[in-house]
Every structure is written in C-alpha cells, then in structure tokens.
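The structure under discussion is supplied below as structure tokens; questions concerning it will follow.
Labels run A, B, C and D following the written order; every chain starts at residue 1.
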Amino acid sequence: MTAAPTVPLAGVVPPVCTPLTPDLRVDVRSLERLVDHLVGAGVDGLFVLGSTGEAAFLPDGHRRTVLETVVKHVAGEVPVLGGAIDMTTLRVIEHARVAADVGCDAVVATAPFYARTHPAEVEAHLRRVAEAVQVPLYAYDLPVSVHSKLDSGTLLRLAAEGVLAGVKDSSGDDGGLRALTVALRDAGTSGFSVLTGAELTVDAAFAMGVDGVVPGLGNVDPSGYVRLYRHCRDGRWAEARAEQERLLRLFGIVEAGAPGRMGRGSSALGAFKAALHLLGVIDRPVTAPPQVPLDAAETERVRAGLAAAGLL
Amino acid sequence: MTAAPTVPLAGVVPPVCTPLTPDLRVDVRSLERLVDHLVGAGVDGLFVLGSTGEAAFLPDGHRRTVLETVVKHVAGEVPVLGGAIDMTTLRVIEHARVAADVGCDAVVATAPFYARTHPAEVEAHLRRVAEAVQVPLYAYDLPVSVHSKLDSGTLLRLAAEGVLAGVKDSSGDDGGLRALTVALRDAGTSGFSVLTGAELTVDAAFAMGVDGVVPGLGNVDPSGYVRLYRHCRDGRWAEARAEQERLLRLFGIVEAGAPGRMGRGSSALGAFKAALHLLGVIDRPVTAPPQVPLDAAETERVRAGLAAAGLL
Amino acid sequence: MTAAPTVPLAGVVPPVCTPLTPDLRVDVRSLERLVDHLVGAGVDGLFVLGSTGEAAFLPDGHRRTVLETVVKHVAGEVPVLGGAIDMTTLRVIEHARVAADVGCDAVVATAPFYARTHPAEVEAHLRRVAEAVQVPLYAYDLPVSVHSKLDSGTLLRLAAEGVLAGVKDSSGDDGGLRALTVALRDAGTSGFSVLTGAELTVDAAFAMGVDGVVPGLGNVDPSGYVRLYRHCRDGRWAEARAEQERLLRLFGIVEAGAPGRMGRGSSALGAFKAALHLLGVIDRPVTAPPQVPLDAAETERVRAGLAAAGLL
Amino acid sequence: MTAAPTVPLAGVVPPVCTPLTPDLRVDVRSLERLVDHLVGAGVDGLFVLGSTGEAAFLPDGHRRTVLETVVKHVAGEVPVLGGAIDMTTLRVIEHARVAADVGCDAVVATAPFYARTHPAEVEAHLRRVAEAVQVPLYAYDLPVSVHSKLDSGTLLRLAAEGVLAGVKDSSGDDGGLRALTVALRDAGTSGFSVLTGAELTVDAAFAMGVDGVVPGLGNVDPSGYVRLYRHCRDGRWAEARAEQERLLRLFGIVEAGAPGRMGRGSSALGAFKAALHLLGVIDRPVTAPPQVPLDAAETERVRAGLAAAGLL
C-alpha cells in the first residue's frame, strides 16, 4: 500500500472508464492519460473496475492490466479502490486478492448475484471477503445489477464491527442513504465512509452528510465534480447547486444512443467514452462487446452536450 | 471430441452437481461417483457447470477441474455440455474455449447479466460466442438469474442460421416453450434441440414436442427421470404421469431449508447434495459459500423425502 | 341461483369479452350474441368481468349491466362466474355482493393490489370476501396484474376448509399448478376446481389433472376449445395436441398491435374484439380507454390469422 | 371552488389519513379533528384519498364521505386535492367528477394499473381525465403501487400544454425529480407544481427546486414539516437539516409492525394511526381490512418513537 485511504475516504472518487483498443485489449496509454486527466483535476481517489469501468465486460487478464496500470501510474498520489465484481464469494475473493496484491488501497464488492440470495447470505459473503484480504473492503450497493438491495441493518452491523470500511451506494434510494448516515452517526460509528453513486444529487448528498461521490460522469468532467465537492465542503450551496445543474444537463449525453438500437448501458458507457475521445483524453471510443457502439449521429449528440456544457 | 452430440440432443441431460470437500475444493472422487450414478442410470448426456452445478460459486480453477474430471471419466459414453456462465461476451468466450479445449461436446451460455442489456445485444453476444468456439452452442434461458428472457424471434433466427444448436429453457414459461417448438417445426428448422429445465412438467413438455429435459432432481433420482423419458418417448402417458407425480413429490425436498434462515437456492442445492450424501453417492453435502448449509433437522426432512419416494 | 355450478366446475369457461358501443357504453345486443356464440359452441360456464372482460376498464354501472345481461341471457343454461376485481377487501365485497345479487353462480377475486400486501393479508382478504357472500368464491391468481403470487399453502388451507370453491390460475407457473393439483389430491380435498388460464398448454393441463380452462381466445374460437377439452377428457391426446397447436397459431393474433404504438394488453384485447367483429359476433371492435385501438393494418393481421385458422 | 390553489401549489400538503370506526365506517368526528390538527399546524393544503388515506381500501361511499367532510370542514382555508385512485380511465373519471362536484380544488390520478399499460396509454389516460373535469389535475407517480414510472417526456409535454397542474412524485427517484425540475425551468414552463412524497429528503428536495412536499408522517407531526418547509423557504439550511433528521428518526415508527406478521403497508399505516390515536387526535387506530392491526407491543414501539421525538 503506497497510500493509506483517507479515514474515512471523502470527496470525489470517479469510477474510472477502461479505454480499449480496436482489437479489444486494454489501451494502456489512454488509461494513463485518463488517470492524469482525473488526478490532475484534483479528484480524491479512483475506483477502478466498477460498472463504469466495464468490469463486467473484462476478462481477468484485462482486469489485472487495469489494476496494475492505474496503481503504478497513480503512484500513491490518491488512493485506488479496486472492484472485485463477480457472482459469489470464492470468485470475489480471487479478484480481491489480485487487487490487494497489485497494490490497491481497498477493494469493492457487491452482494452475490446470478445465484438467488438472502440477507444472511449477503452478510456471510461480505464477512468472508473481508477476512480474505488485508486491505479495507467497501460494499457496493447496486440493485440495478445485482437485483437485491443491501439491508441497512447488515451495513450498520458490519460498519460497527469494522468489517466494512465503507459503502458505495448506487441504489438510488436517497431516503435510505440518509437514514444510513443518521444511523451511523447515532451509533457513534466512525471511520466508515459513505459514498454515493447518485451523480445528479451530489450537493444534496453532501448536505445530508455523505462523505464522497463516485460519479461516472466524473470521467468526462472531473473538474466540475471537484468544484461541486469543494463548494459543498465549504458551504457554498448556491454555487454547488449551479454547478450540479450544469453537470445534470451534461449528463443528458447518456441518452445519446437511440433506445431502439441498444440498451441504456451501451448508451451511457458509449457516451462517456465518446466524450473522452472527443476531448482528446482517450484514443478510441471502443466499448466491449456485446455493447452496441454509438453511430455518427449519436456521437454528434455527445459532442453537442459537451459544447453546451462548455467543455469543447 | 470423443462423442458427437445426438442431433438433436434428446432425452435426460442432468445438470451435474459439483461435490466439494470441507476445505472447498472439488471432490474429484465424489464427482466421478456421481457421474457413474448418472450414466449408469441411463441418462442421455451431462450438463456440467450449470446453475445446479454451482457454476456461479466456483472459481475458474474449480471449473476446469470439473470439466476435465467429467469429460475424462465419461470417456465419450454420453455427450458432455459445459456451462460457460459469466457476465458478458469476452468472459464467456474464455470459459467456452476452456470447455471446448477440455473436450466438451458443446457449450452453454446465458444472456449477458449484471450489465443492463437489450435484445440486440443478447443476439450479438450469442453470435460472438458461437463464432469463438468450434463446438455447438446452446443458449440457456434463465430469467430468474439473468433477469431477461430470451426473445423467441432471436432464438428462431439463430436456430435457422445454425448459430445455436439448441436451447435449455428454464424460463418456466411453458406456453412460450410450446410456441417455440411449434414455430421451429413450422419453419422447418431441424437439428435444433429444445431442452426444458422444468422438472415437474416433463411429460407435458415431451407431449408438446421438446427433445429433452435437464432436471436438477435428476442428480438424486436419475433412474426416475430416465423411466419418465422412456414412458413419454414410447407413448405410455399414464405411466409417465405416475412417475412424474412421484418425482414431483420427491421435489418437495428443495423446501427443506427454513425460509427465515436461508435463500431458496441454498435450500434447493443443499437438499440435492444432502440427498446425494444420504444415498452414499458423494462424501459430503458441502455447498459453496455464501450458501447456508442445511442443519440436522433440515437434513432429516430430506431423508424423509427420499424414504417416501422409495429411494432409501 | 338458477344453476348450481358443477362440483367441481370443469371444462371450458371462457372469460367473456365486453362489447362496447362507440360512445363507450356496454353493447348489450352484441354481448348477448357473444353469449350465444359461446354457449352455442358448448362451453361449460362463463366468466364475466375478468381481465379479458376489461373489468379493470369498466365503471361499476357498466359492470352491473354486464352481469345482468349475461345472467339473464344465459338463463341457467351454464354457470356464470362474476369477477369482483378491485384493490382490497371492502371494495371487492361490494362487487361480490352485486354479482351474487344479480344471480351469478360464483364470484372471483384476486389478491389485494395497489396496496402493498403480505401472505397473511391475502389470506385474510379471501376469508372476508368468502364470508360476505352466499355464493362460492374462486381465487384468481394473476401475478402479472396484482404483482403477487397466491401462496400454495394458503390455497390448500382455504380449499380444505371450503372457503374457496376453486382457483383460476393465470400465473403461468405450470409446475406450481401441477404441484397444487397433486397436493389437493394427496390431501383428499374434493369439490375444489382448478382452472387454468394458460390457453396454449390446455392439453398438458388436463393431462396433469386440472378441471377446466379459462381461455381468452375462447371468445374467438369457442368450438376449438370445446373440441380440445373433449379430446382431453376422452383421452384422445394426439387429436388434442393437433387442436391445441391450431389454437396456438391462432393465438398469434394477440401480437397484431405494433409494439411501439401500444401495450401488449391493448394488442391482445384489441385482437380478440377485432376477431369477434370480423366474425360478425359483435358490432364494433371498440376497446375501453386508454387502450390504443388497432389500425387497419393491424386489423388485417387479425383477419389473416382467422383465415389461417380456418375461421373465415 | 372555495379556494383557488396557489399557482403553483407549494409547501406542506399532507396526505390525510382516514380515521375509521370499529365497524369500518369513516369516523367523521376524528377526521374533522385530524383536519384541525393539520390546518392548525399551518399546512398549505390537504391531499385526501391518497395512498396514506387508504383510498385503495375504501368503498366509493366512504370516499365520498371523506371528500365531503374535509371540503366542508376546511371551508376554503387551504386547498383540498382529492385522489381519484382507480385502475383505468373511465373509473378514474367517475371518481374525479365526484371530487370536483364535492368541491375539491384539484384531483390527483395515477397511471393505469392492474391492466398492462404503455407510455402512450398513460399519456392518453391523463389527457382524458384532465378533459373530463373542470378542476386542475395532478399526476401521481407511484411505481411501488402502479408498477410503472411516469415518463419525464410525457410529464414535460403535459405540463407545457397545461394538461397537468402538477405532479406528486413518490417514485423515490430523486435524480429524476431533479432532472424534471431543471427541465421545466429550462423549458420556461410556469405554474406547474412539483410535489415530492419523499419525506426523508425534504430539505434536499426544496434545495433542488421542488415546490412542495406530501409527507405521510405529516399526519403525525405537521408542525415539524411546517417548520422544515419554512426553514427551507427562508434558506435556514442547518435548521432544516436538524428538523429533517428529527423527523427521519420519528419515521422509524413505520417499522413498528413485525415483518413476519404483516406487510410494510400495514405497518406504516398502522403506525401513523396508532400515533394519531396516542396523540389524542383520532378515537381509534383502526385500519381497513385486510391490513393486520398493530398489537400492543408494536403500538408500544410507536409510543416510544413519539416520545423520542418530543411529541408525548
């Protein structure tokens, strides 16, 4: 570990996109430039191999390359969290060990998926993963992908016991997120980091007491999210709101892909990569199969969104 | 390939359980005895690394051991289908290539999961996987795990083009399954194998024109399913019904686990393994984490079910 | 009550469509002709104000007109079941009392919907409705509409106690349906009628031991379903299969409406009514708002389907 | 109409509970006291016959009594919105006309439910309901009950055309809610009222630009929500947050009912009524069947919650 994570981790922690070459290898140079783009903007950490990082689409070899590239290139300047996205415990532990071995400062795991599960099994899963690695574990609450929601009782228990170092909440349940932050405070649990993946209500989340944000759109406009965070941290709520609303309009690029042609995931990840390509950060907007690539007209919508947000 | 699959594959093709040791390795001896138990009962093929085989719970090393063990032990007596269960295309292709290299007669893949998907992406996914391996590809329709249903138009198109060799339908949609079999016949598509995973309505499925069945309970009572299939094949519908009803009652063991303690997956897989252990086929009823093991009282329910079905 | 229901009710019990006038009143003449069309074909009962009867779309005045018209016109020739489709207990009881007062032989109620519910509440609901009316109560299992599935334990208990006279199963879960029929037999429960709404697997359902079928398509081709039932009843399984497959192909008319223009409900109900109009049974193919009517090209698809099935 | 709604309606608009007698009639005296409790606390409007008002559980006669009682008792002091909760267009129109005739200032309708629907049908539904009544129409976005989410494009279109006067958003999608408020502003649409039902993030919602809140818990502590709103309106965000957190802790009473005994609806509505009973506002904590009543221990949890919040 070259850098201990802030305790608790706070601020802007983008889920780093994974640039690919036309023959579907990791584009290491582009990935390094993307890391520079993010760290240079002042982000507080990086989350690699999350959903935005196309972890679900990358073979293990690709995943290792991503982890090694980012950890080495960051060189301890900010903490690096590595996603260990897989179906169940033994598989997740293998990914988590690779991430820890490669030098990640923490690992991130979801509830089991594909297999039918149960709250008692989710808790046993997180406990086993935490025991298996020497670095802190963050739970990743992502019902849209794993089709179950992390139970707040489980989270509070695992936080109090120190099994979990934090949670990345992408459940979209802002009321539940707030109840969690209040319950953690009421329980006197410290050192547990609550990160939200809700990138359109970041000012609200910081006002409620969350510690950080993991914005997919932060790949495209990291400076915007850094400004937004700092406005919130320093109590400049009107400026925060204006910045958040600008980013909300920019977020419209995720609708670039025509609904009849592709799923919403292809559209959103395609738009982020198209934007990074248009901004000159990565060499190609290639997404992994079976995602449908954006066509010229769809890419033009991304360009228009960037221009409207003042990024071109 | 030591044995070409029947064209189309037909009959009873159990999804083979994966016996584990207490330290969570593949129990190779028990797996070989289970294969003998199944092949000796007269099954028509084996499907390894399906959901019942705990594919979602097994690291890649375990998976390879399972494939190698079964292919070698079967030695061409019946075709072996290898599951290539993973989230998206590139990952599935890696598993599929291992299965083919090890000597499986066919591979089996689901729609993408975890990532949000779309019918066009599902179709692209299956086409790419089929292109990447030299053995036939079966589609695995399992909405309870992957949270989308294979589109019948897609299946018909891929069947007609020869991209798919068959489908294992575990969607539970018997009307849709029948519409598929009729549409295949009306289109004159031949050599495409329709297998149902609905193990309580096997006689009905054969009466409708499906080719085979993939019954999880077939691990426990392969002879029952073989008798059931042969009754259907030979038009002894009353005998088929009586056998199916006996198996339906035996299937009650999947409810052995107390609902408050575990999920339905833990209960069902735990019951199959407990039954195989009580029958002396495998050495331990261990299931992979984070599944909750059956306790003594729950195991007793399995024993009672076996006894009632005349298996003890 | 002019006619006691068969104990248990068996055979073909179509869910009667509700013809409407252009100004959205009940078209009484057309409804009487539809009743003649069905009863004349030899059906064994009529289910009015079910989903196919657009109960969800009809104000209470319309519903009363439908009940009165059908009960009077049938004049005891076959039993009439009246749907009491509403959200929760007190509202359902009001509808059930109207149906009983008007002379229906039985009433039909779903689990509560709109309000979040629980198995204990579903059971309390059915018990209260049954107590409130003097005619037999059938439970209607329709998860696609009410978003919960009737629990088999609840059904078995209410069947054994005589609270329910039967169930109409439109859950699409044929394995569960079979488990129910076997469990009823094993428990020695008699006089309980199991009706399936799965109109593409009717032969299979009768082979499993269900008592009757409630086919929406039976509005269009009641003679086909009557033949199918009689083949099954008399053990002519090959003839049954051929008839069922003809009806399955005819069922393709429910896809007449273009997916981009309307929901699947508009398409299916629109197709049934278009078919009845093309067959000269009802005066207009009007469906209730906010359903989207079929256009000329879509209606042409219905005509082609009728022709292919030998009905035109 | 004795009082025109504020344009746009803003502030605190509680969804009024419906007190019942032990024999399940509307308890008119208790309802009047509840109205006094709310209006006396300074709320800005009342929403009767919403989900919290048990509209789904009340027969039409009860509903009319509620509307008449509240409209008469309020006597124009604040606007009254009447829920027209039913499955589809013609049924909703009947309820909406009653509400308008009785003197409600506006009516509130959801998307169609029970019947399968489609965005084009939802839009047609809202247009027809709006045309059928002379008072403003609010759309009620409640996916947990109706199982579809109102499409933002539809809302923006109907807002721009003046078909809708506002929306009550209980979707829990705060990002979508914010995108709607920004899109309305960007489109220059005025006089459209955005109300949130998310009662744990009210300060955040006002900070984002919503106009009002419809808090179920506002029945229990209307003064708390009025203070919260006024803090937000006047920019006292720290005070707003403290008040919201107090209310969030109080909201814990909705978990009073044991999960194994009842659904979450029974628990929440039971807790609100138990609280109102303990506070002396209503005579009985009776909820409508088939809801399970809270028992003594569960009621004690409600009492403890009230005490902790300083209300007893």
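Throughout what follows, a contact is a pair of C-beta atoms (placed from the backbone, for glycine too) under 8 Å apart; a residue touches a chain by one contact, two chains touch by 3 or more.
This structure is a prediction, so every number in the text was calculated from the model and none was measured.
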| item | value |
| --- | --- |
| For subunit D, the least number of touch steps when starting out from subunit B | 2 |
| Relative to subunit A, chain with the most remote C-alpha centre | C |
| Same or different contact residues where subunit D meets its copy subunit C, judged by the half mark | same |
| Length of the line joining the C-alpha centres of subunit A and subunit C, rounded to whole Å | 49 |
| Centroid spacing, where centroids are CA-atom means, of subunit A and subunit D in whole angstrom | 35 |
| Two or more partner chains touched - positions in subunit C | none |
| Chain contact graph, described as a line, ring, star, complete graph or other shape | ring |
| Subunit C partner contacts - residues on subunit B that touch it in the complex | 172-175, 178-179, 182, 186, 198-201, 203-204, 207-208, 237, 241, 245, 248-249, 251 |
| Of all residues in subunit A, those that touch subunit B in their complex | 24, 51, 56-60, 62, 85, 87-91, 94, 112-118, 120-122, 124-125, 128, 144-147, 261-266, 288-292 |
